[in-house]
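Going in written order, the chains are labelled A, B, C and D, and every chain counts its residues from 1.
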């Protein structure tokens, strides 16, 4: 088995890559999974790697699948997209670099000129108004995004951007792929479909397509109920606010 | 020394591999060690690796042996089996992949067509009735197991299957080896011979052989006494329930 | 992408390398950043590596840059210097060795004969008088530094010198590059511009150039105010002294 | 720089290797350092490695040295020995294997037929009588050691033997080098010169040489005073027994 093993299942051509691997608030993952549900898509490539967890997922019928990062071609209301999705990022530092480089190579071969890395930026407190913060390796892309209401800079996010999202911009910079990161503000404590909606708004606006968002709205409502229930439980138990556990949320998200 | 070093000691031929390396409740390990005790077996291959702990075990006479993963041929009441056993799994992420790939290669060379990975699934509470949960990379194997009383799906186990068990299914899927995981429900706090008995019941039923289980029953009784003693001790000491330490249990297991 | 990837942007020639990557009290980083601000400099080489964090930094305009270690040529008041700076050191053990070896190679190609690794040595308590402790892989360099008021030995620093600073001396020893480490005493709890001033005093004295230090003095004053404010806050809150968090300080430093 | 880099400084010939790298109670390290102090010795090989900490030590004059594992030839009262010493073991799992294999290769080239790995076995409580527990990869060596009062087996040490000591036996087994581990019982909380004396007694007895032990006795007395002082301090401070910190002890040991 190779360190990174790509299985190509179909040919595809698209100028835009949208990345939504797990991260803060699972914001990017929610957006990309929403696109996969709403539009026709085709699995173009599966990436297995010795840098991903040594793990299979089990579906509702008991059927297993080796952890992978997937590239789908998606016809988003007439706009060609490649979508990068999966349940895990690299578990090692060098793996982050190697997988990002491999993904960039693959996508450039399929015609990608611009990459959008979607994610969340943790505010540490419950968010009232869901802004979208941006960053890019390209000044012209920054200008374009600013016209669509994305907020920039003033040192945000303070810790920089890490993982696959960061490296699509960072390695993209070295290999001359224009890339931007769109980060929905989110508390950082919950899987956040509301933040995902805010990012989706920007993305559809920038790329020029429309998509039904009912499903995300339903999830946002569910999430609100769960948070409320957990808050009540906590008040009953110890009169101290406590956040839902990662397990509670993973189950929901 | 190679990253993974295989020492072949004998030739063997078998269609079925049964894996029982350490994991939740040491369920798989107990089953495979039981088979090794009850039936004639022969050491076919020893696998040493830079991904295993840098460690020797010491036997009761003071004689040492380098940590290894072993493959035995076993004549289980007329059924040919290869048994995978050892005291440790890989200590690194990439090592899990590399060792699982090496083991699959070795076993296919010896005629293996189906692999059973044995383990436990932690319920977080004391188990009353010991069910066996299954998962497989093959729909036909799923059907077969269901006929033998194995329970499936509804997202169990939620965290997927990790380590060597997961990868025998995951890499097996890529290399077209049919594989299933049989997981005995267990609290997750103790080495669990009762859970092992439940898994053994399914395994013997599926593979069509019988085996004496007295030894496992004795171990289950010992374990119950230990748990009871520890509970009493804890009650005396601080009136709070406390689980036995990993060391207590390793000594017992 | 290579494990370590060097991008050369300009030619340069200098006999002296000064290293100021992050470390105890960010002392070395403060000194080298001060030199970069006060003198004309040119980016000679950018080093990206799979051993650095998989991360981009984001500037005030939202423009991103892949984490790197940089070498600048700097004309320090007539003295030619190569300055090694960056926001991160290697995240892996072998990466420390590989990056230090690569940097030494690069610098020797540019004529470097002596390397000064700048850092802090943690005292664990607030420092009244800022001494500079030295260490070197060369006896003649030790003698030279002693003449400039650097203190030596008596087992200080007890833990040896780790990371890039340690390896510039350690690998320098193997490859016959004369190298010294200058460590400003610092509490270890704060980013410490006063300790940086002490180290800068020695460095300028040894290398024979002068530099404006107003900026470092301003930073030292800011830092003092912050520490005082945090002490007051802590007294108000819980009447117990508490050190500022890493985040507070990173923001300031 | 190579992953493991050996610098040969002299030729040597000896049938016996004695290893004393840091471990439980620093027992092995104390014995080998004692031999280096008491007998004439010559540095035969220095081993630097990307698996050792990225660190230099600093001596009392401020002179630095890159962390290494060293092999000295030592004329122990007429008995030829190779002594393996240093301040650190490998920091990585695979590094343990690679360094042990390299060391075995080197030593076999110098004629080594038997390796003694010295260490401590933690009892978890203060030791009254200092027994020496043994283990070996060779039955004939086990018998020989038993004649010299070494205790064996009954599953001791329960956790097996880890690190370089374990691998000299484990890899020695694969490469047909006879090896034994001699472990002095020690509390596990302190650097223990008394345990070192017990191990030294066995070693000199087995190898047939004599050595002055005054220095180790002095250290044992110092240690006892320190432990007593720390116990008194703790009684004064909080009336609770507390063990000396690793730093206290490193300073002493």
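We take it that a contact is a pair of C-beta atoms (placed from the backbone, for glycine too) under 8 Å apart; a residue touches a chain by one contact, two chains touch by 3 or more.
Everything quoted here is computed from the prediction, not taken from an experiment.
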**Message:** If I average the CA coordinates per chain, which chain comes out farthest from chain A?
**Reply:** D
**Message:** Please tell me whether the contact surfaces of chain A and chain B are same or different in residue numbering, using the over-half criterion.
**Reply:** different
**Prompt:** Using mean CA coordinates as chain centres, what's the chain B-chain C distance in Å?
**Reply:** 51
**Prompt:** With chain centres defined as C-alpha means, what is the inter-centre distance between chain C and chain D in Å?
**Reply:** 36
**Prompt:** Residue numbers in chain B touching 2 or more other chains?
**Reply:** none
**Request:** Return all touching chain pairs.
**Result:** A-B, A-C, B-D, C-D
**Message:** Give the list of chain A residues in touch with chain C in this complex.
**Reply:** 90, 93-94, 96-98, 100-101, 134-137, 139, 142, 152-158, 160-164, 166-167, 169-171, 173-174, 181
**Request:** Quick one: which bits of chain A touch chain B in the complex? Just the residue numbers, please.
**Result:** 1, 3, 5, 7, 48, 50-51, 53-67, 91-92, 247, 250-251
